[in-house]
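Below are the C-alpha cells for one structure; questions will follow.
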Amino acid sequence: MAASLQKSALSPSGDRELLLQRFGEARARTTELTAPLSTEDQTIQSMPDVSPTKWHLAHTTWFFETFVLASAIRDYTPFDARFGYLFNSYYEAEGPRHPRPERGLISRPSLEEVHDWRAHVDEAVQHLAQSIDQRGWRKLRPTLELGLQHEQQHQELILMDIKHVLSRNPLLPSYGAVARKNAEARPPSLRWLSFPGGLYAIGSDHDEFAFDNEGPSHRVWLEPFRLASRLATNREFLAFIDDGGYRRAKFWLSEGWQVVQHHKWEAPLYWGGEAGARMLFTLGGERPLDPDEPVSHVSYYEADAFARWSGKRLPREDEWEIAARHAPTEGHFASSGEFHPRPASGDGLTQMFGDLWEWTSSAYAAYPGFRPAAGALGEYNGKFMCGQFVLRGGAAVTPGAHVRASYRNFYPPGARWAFSGTRLADDDA
Amino acid sequence: MAASLQKSALSPSGDRELLLQRFGEARARTTELTAPLSTEDQTIQSMPDVSPTKWHLAHTTWFFETFVLASAIRDYTPFDARFGYLFNSYYEAEGPRHPRPERGLISRPSLEEVHDWRAHVDEAVQHLAQSIDQRGWRKLRPTLELGLQHEQQHQELILMDIKHVLSRNPLLPSYGAVARKNAEARPPSLRWLSFPGGLYAIGSDHDEFAFDNEGPSHRVWLEPFRLASRLATNREFLAFIDDGGYRRAKFWLSEGWQVVQHHKWEAPLYWGGEAGARMLFTLGGERPLDPDEPVSHVSYYEADAFARWSGKRLPREDEWEIAARHAPTEGHFASSGEFHPRPASGDGLTQMFGDLWEWTSSAYAAYPGFRPAAGALGEYNGKFMCGQFVLRGGAAVTPGAHVRASYRNFYPPGARWAFSGTRLADDDA
Amino acid sequence: MAASLQKSALSPSGDRELLLQRFGEARARTTELTAPLSTEDQTIQSMPDVSPTKWHLAHTTWFFETFVLASAIRDYTPFDARFGYLFNSYYEAEGPRHPRPERGLISRPSLEEVHDWRAHVDEAVQHLAQSIDQRGWRKLRPTLELGLQHEQQHQELILMDIKHVLSRNPLLPSYGAVARKNAEARPPSLRWLSFPGGLYAIGSDHDEFAFDNEGPSHRVWLEPFRLASRLATNREFLAFIDDGGYRRAKFWLSEGWQVVQHHKWEAPLYWGGEAGARMLFTLGGERPLDPDEPVSHVSYYEADAFARWSGKRLPREDEWEIAARHAPTEGHFASSGEFHPRPASGDGLTQMFGDLWEWTSSAYAAYPGFRPAAGALGEYNGKFMCGQFVLRGGAAVTPGAHVRASYRNFYPPGARWAFSGTRLADDDA
Amino acid sequence: MAASLQKSALSPSGDRELLLQRFGEARARTTELTAPLSTEDQTIQSMPDVSPTKWHLAHTTWFFETFVLASAIRDYTPFDARFGYLFNSYYEAEGPRHPRPERGLISRPSLEEVHDWRAHVDEAVQHLAQSIDQRGWRKLRPTLELGLQHEQQHQELILMDIKHVLSRNPLLPSYGAVARKNAEARPPSLRWLSFPGGLYAIGSDHDEFAFDNEGPSHRVWLEPFRLASRLATNREFLAFIDDGGYRRAKFWLSEGWQVVQHHKWEAPLYWGGEAGARMLFTLGGERPLDPDEPVSHVSYYEADAFARWSGKRLPREDEWEIAARHAPTEGHFASSGEFHPRPASGDGLTQMFGDLWEWTSSAYAAYPGFRPAAGALGEYNGKFMCGQFVLRGGAAVTPGAHVRASYRNFYPPGARWAFSGTRLADDDA
C-alpha cells in the first residue's frame, strides 16, 4: 500500500484543489456505501479475514490521522488517543495493535463516534491541505494520494466483507437496494486471442500513481501465448462440476485437494441449492444461478483445477499485463451499483477490467529491483510476498478509477471471499 | 429448565392475576436490564459460551411463543416462522437450530424487530391467559411459571455475558451507571460453624416451584462437617497467589494444572494490573481490587486448589443445602443494582444466598429417582449431567426471587465467567 | 495408586518370602505378556493416551528404582540417571518429565537395554529385601506391595494399549497366539435382581491392600434398586444401533451427542464390517462379531445412551459395590490367556468380576474423609478426581488377584480403549 | 519425480549392464545407510513430514515393484498384495493409500520382512532387465533410471528424517559413527561475484536425465546481479540473532513473523545451549556450534529475514542456475560420510554444489511450456507447484551424482528439517 515516492505522478502546483476534491469524494463514497447497513450489520466479523464495516470506517480514518495529520502537524493531538491501538491494521512500526480476529468484539466506540471521528479528521485534513505552504504540500501530497488510494481499497473490502457477513445469516438478507441490469443476449462464445512472444517491459514506471509493488518497470521475455476472450462462465464451471471436478484428484494441486476434502467443497463460495436448481447468494440476496454470468468467488485451487480440466492453464501475470494493453480500461465497476459481474458482451478481448479479479499463476513476488517504500508505509506490500497469488483487473465492487494494467492484487490460494474469477490461457505453439 | 409437573406449587384458581403480574414484571425487567447497552453491545458474542444480549431477548420470547402460545393455540401463526431456527437454544425435539458459536453473526432481525416480537408475544400471552378456560389454565399455568423462571435465568445470563463482552474491549467500558455501596468496616474474620452428621432429606418435594433436577426429595447420610462463616476474600486469595498458588502443581487437580499452564492463568478472571496495584474489571468498569470483597470469577479448579492450599476442602452440595436451612434466604441480589458482590457482614452463617455462586465438590448428577420432565421441556437438565459441578446460592446478578436452598446451578470446572466464588468446608472430626 | 498406610493388610514378619515370591512372579508375568510382540510393536504410541510397551516395561522399573531402591538405600546410584526424566509418568514431586504424547519418539534406550534395567532392578530389590533389617522391612513392605499392585495395573495397560496400536495397522494383525474358548450355549436371558435400600457401609477399611481412593469405609444411604443379572450383549447393542441409537439425540448426554457427531461414531470401538456382516477386532485379530458376547469398548456416553434407550439406567458405584458382595470374586480374568470377554453363563448375579469393567453413573470423587497418601505416592488418585467416571469389577485383561469389591477404576466419559462394558440398573420402586 | 520421456539421456543398447550395476549400487547404498540404526530407530515418525526409515526402505521397493515389475510383467503377482496400500506415497492414480501422518503406526510388516521384500524385488528387477527383449528394454529403461533417481532422493530423506527423529529424544543420541574432518583454517571472507544481465536459456533440455520440472529449457531475461562467494556462516547468523533478529518484526515476512511468534523460534533448528555456549545437534550427536560452518536448517523465513537484515536479498533460481554454470559440480556430498556441511574453502564461487541446499526467492512454479509426464509418474512435480520455494545445489546428505545445475528441490517456507542454508545475492546496479 505504499506508493513509490521516486517519481510522483502528481502534477506540480495547482493540483491542490483537485486532490482535495477527490479526497472529499472518496471519503463521502465510503460513507455512502455503508448507508444501507444497520448498526448491527456494521459490527460483525464473520471470520478472521473479514473486518466489520465500522472497523473499515475507523481504520481509514486512522490512516489519515496517523500518516497525514500526525506527521505534518507538530504536537498533533489525536481525536482519541486510544483509537490507534484499536484501528491500526498491521503497521508494526506504528506500535502494538488489537489482534485482527478480535475486531468483531469492539462495540465501543460506537458507530456514531466513528462517524464523528471521520468528520473531525476530514475537516482537519482539508484545513491542513489548504493552509500548508508549498514545501509542506509537496511532502504531504503523496501521502494524501496514498491515503485516497487506500480509502478506495477499503471501499471494495467493505463490500466483500459485508457480503460474507450477510451470507452467514441463515436468513440470507440483502445488503440493500442493489441495481440489476436486464438480461441480454447470451454471451459470445469463447474465442482465443494470440499474442506474440518477445522481450517486453512490464510494471509501472510511476509516471502516474502506482503502489510500490507495481514497479520498477523491467524487462521480461515471453513466449507466444493465447488468452480466452472472456471470463469462464457458470455454465462452463457447471460442466466441470458435472464431470466430477470436485471429486477427482487428478485436476487438483496437492494442497488444493486437501482443502477440498477438508472443507468438503463441492461448488464455489456462495452457491446454494442443488444440481438442477442452483442458487447464488449476491449482495442483492439469493437468486437462481445465471449460467451466463462469469463464475465468481473461486479460489486459486478451483481456478487452477478448472483450467487443468479444460486442458488449458491460467495466465501468468506478465502475459495478462501485456494483453491488457490491448484492452480498454473501461469495464463494469462499482459505480454501476450492481456489485455483481455481468455476462460478457462485445468483441475482442473483453472483461479484462472490472467484473471479476482474474487469478494468475504467478506467485506474488518482488519485481527485480523492487525496494519497499521507507518507514511504516513500506510495510504493506513487501511483507506479504510469500504464499499468495496475483490477481489482475479489478471487479464489479472495485472503484473504476482505482485499477490499471500494472495493478497487482494478491490473495492466498484458498481465499474465496474476494470477487475472483477465471480466464483461461494457453501456450501458442 | 423443566419444572416438575408432579406436584405444582401454584395455588388453585385465583392465582391467574398474580402470575400474569409476575410475568409482566419479569419481561419488563429483562428489557430494563438491556437499557444501558448500545445496539452494538447487544450484537456481540465474545466466546462460544456467551450469547449476544439480542439473542437472549429473542430466545426468551421464542420460549413463550413455542411452549405457551403454539402449544395452547390451535394453528398458531408465529410472528416470523424463521425465528424458530435462529433462537432455539438446544431443544433437539424442537428441530434443527442455528449453531451456538454463530449467534454473534446474526445482524438481522434487528434489535428493534426483536423488541417488536417481544411486545407481540407478551400481549398474546396476556390475552391467552386471560381468555382461556379453567381447564386450559391448569395446563398452561406450569409452563407459564417455567417460562418466567427461564426468563429470570436469562436476566442473570445477560449480565454475565455482557460483562465478558465488555471485558474483551481494550477500552474496558462500563455497562452503565452501576450502584455502588459505600465501604463498610472490614468484614468479620472467618469462623467455622459445625453441623452434625446423620440421615437427612435433601432436594425439593415440589411443594413450590422447583426445576426437575432439584428433586425428588431423598435421604442422604452425612458425616459431621464444618462450613466457613463467609466466602473467601480477595485478601485470602492473594495470599494463595503470593505463596505461588498458580505455579505449584501440588495444589491442583491434574486437569486443572493443564488448564492453568495452557491458558497461562495467574489470577482469577477479570483481574488486571500487577502485584501491588491489582485492578478488577466490574460491570461498573475497572476498579482497584478491594481485598475485603469475596474473590469472584474463579473456576472450580481454582476454588479447589485454593481449598487444598488452605488445608480444607469445598463443601458437598448436600452439606451446603443442609446448612442453608439455617441461613436467611435474604442476601445481596440483582435488585441492588450493584451487580457485584459485597464484603461480608454480620454474624453466623453469612453470604449463603446472593453475592456469589458457591462451587461445591459435587459433580452434577441425577438424584436417586430423578425422571426428566416429558417432551422438549425435559431436555434441559438431564442431558447436562456429565462433566459439570454444582454451584449453590445465587449471586449479585441473580434475581432474588429465583433461588432457594435446593437450587442447583452447574458449570464445567474450567468456567470462570459466571459470578462464582468459594466457601471453605471441612470434616468435623 | 498410593496405598493407604494407616492399616497395612500385610501380616507381620515371616511374610518376606511370600511377598518376594509375588514380586518375582509379577515382574516375570509382565515380561511374559510382551513375549509375542516384536521390537517394532513395543515402540509405537498410537495416541496420547496409549504408551508403548517398552515404556510400560521401563516405567514400572523406574517405580521400583525410585520408590523402593532410591528411598531405602543411601546414595543409591541409578542404573542410568537419564531414565528418570524419560520414564516418570506424572509424579510432579519427582521432578520434570518427558511429555506423555512423545513417548513414541524414544527409540533409545533400546528394548534390550530396558530388559537389562529390569533385571538389574529386580535383583537389587530382591537383595535389598532379603538383607534389610526388620525395622527397614516394615517401612519397605508397603511400598513394595504398592509397586507390585502398580505392576499389575500396567500388565492390563500393556494389553489395552497394544490392542489399540495393532488396531491402527490396516493389516489388523494379531497380538499373538490367543486362547479361544469353544462356543457354548446361548447365554441366559437377562433377569433382574433386587436389592433392599438402607444404610450401608462401603469402601475399604484397609484390612487388606487397597488403594487410597477406596477408603475410608463410610456409610451411605441407598434406596432399593435392581441390577441386571449379566452384562449387556452385542445382540442387545445391535438392537440399539438398528433402532437409530447413534442418530437420535434424545438418548444422549449433550456432550456425548457432540462427540458422536464430531467423531462420526456409529458403533463401539473395534467394530468393523457392515450391518449384516459385522466384524470385531480382538487381540487375536479380526473375527465375526459374536452377538452373545458382552458389548465391549463402549464409552460412558454409549453405555449411558444404551441405558436410556433401554428405559433403564447405569448403576451407581455404591449400588454396584453392595451387590458385588453377593457375587463370587471369581471371574474371567487375564489368566485364561483369552484377553476377550466370554458370553455369560450360570445363574444369579454373573460377570460382576472379570470379563469387562462396568461403567457406573458415579463421577469419580473423594469419599468422605479421604486423605491422599503422603509424598509423591499420594499424587495418583486424588488429582484425577474431576471429569471421570468410576468403573468396577475388572476385565478379561485384568490380573485376577488385582481386583476386589471396593476397587475403583476410572476413565473420562469418552474413553473407549479400556475393556469397558455395560450392566443395566433400575430403581426398585 | 517423473522423468521427461521426450529425449532420453541414456545411450543406446550396451548400457544395460551399466544401468543394472548402478541400480544394484543404489539399492545397496540405501541399505548401508540404515545399518547404524536399531529396529526401533527405523520405526518412528517424529512429525507428519518425516517418514520412518522402514517406510523409506519399503516405499522405494514398492516403486520398483509397481512401476517396473508390475507394468512390464503380465499378471505379475506382488510380494504381498497388501503392501501397495501401505507404501504408496501420494500417487492418487495408484489407488487409495495409508495416510502419511500414520506411517509411524505400522509395526508390521517387520523390518526383516521389508528387507526380504527388497531382496525379492531387486532380484526380480535384475532378472527382468537381463531377460527382456530390446524393445521391452527401451520402454523399461527410463522407468528404471527414474526409480534409481527416486532411490537416491530417499537416501537423502532417510538421513534428514532420522536426524529429526533422533533430535526428539532427550538423550540426543548419535546416528552412529560419523566421519569428522579436522578443522581447517578459518574460511575465506565473503566476496561478491558479478554476473552480467541479458537473455539466457535455463532449464534442462533432457539430453541427460532430468526430472520433468527441470524443463523445458527456455529463455529468461536477467538484469545484472551479484552472488556471495560462499554460504552464510553461523558466525554471521549469530550476529543477526545478537542484533535482535528474532525479535524485530521489520526483517520478516508477515507470515514468517507469525511463525516465529507461534513457535517461539529463537534460533535455527537443532541449535541448543545458550548465548555464549551454543550447541548444535548433528547426526554425530550434539557438538559445540562451530562459527565457521555454514548456518544450516534455516527456514525460508529465516533465510529471507537474514538477507533483509544484511541489506541484501536471496538469489532467484535462474540467477543461481546461470552462476552455477561457472562453478565446479564437485562439492561436499554424502559420500564423505560426514553428513554435515563443512566450512568454505577455496577461491571464486564456492559451495554451490553440496554442503547445503540454498534457498532461492523463487516460488516453485511450472516453467513455460511445462507438461507433466503421463500417467501416475506425472503426479510428482506438477501437483506441488503451490506454496513452496525452490532450493538449489544439494547438500552434505545428497548423493553427489544426483544433482546438477538445473536440479530444482522445493520445500514450504516454514520447513527446517531439510539441510538448507543461505547464500546472499544482490542487484548489480
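Labels A, B, C and D are assigned to the chains in the order they are written; within every chain, residues are numbered from 1.
Simple rule for what comes next: a contact is a pair of C-beta atoms (placed from the backbone, for glycine too) under 8 Å apart; a residue touches a chain by one contact, two chains touch by 3 or more.
These numbers come from a predicted model, not from an experiment.
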Touch-network distance, chain B to chain D, counted in steps: 2
Partner chains that chain A and chain B have in common: none
Matching chain pair for A-B (criterion: over half of the contact pairs shared, by residue number), options B-C, C-D or A-D: C-D
Far-end chain from chain A, centres as C-alpha averages: C
Approximate Å spacing (C-alpha centroids) for the pair chain A, chain C: 60
Between chain D and chain C, distance of the C-alpha-averaged centres to the nearest whole Å: 47
Chain B and chain C, separation of their C-alpha mean positions in angstrom: 38
Contact footprint of chain D on chain A as seen in their complex: 90, 92-93, 199, 218-221, 223, 249-250, 252-257, 300-301, 304, 313, 316, 361-363, 365-366, 368-369, 383-387, 413, 427, 429
Chain D contact footprint on chain C (complex, rising order): 38-41, 43-44, 46, 54, 82, 85-86, 98, 102, 104-111, 165-166, 168-171, 173
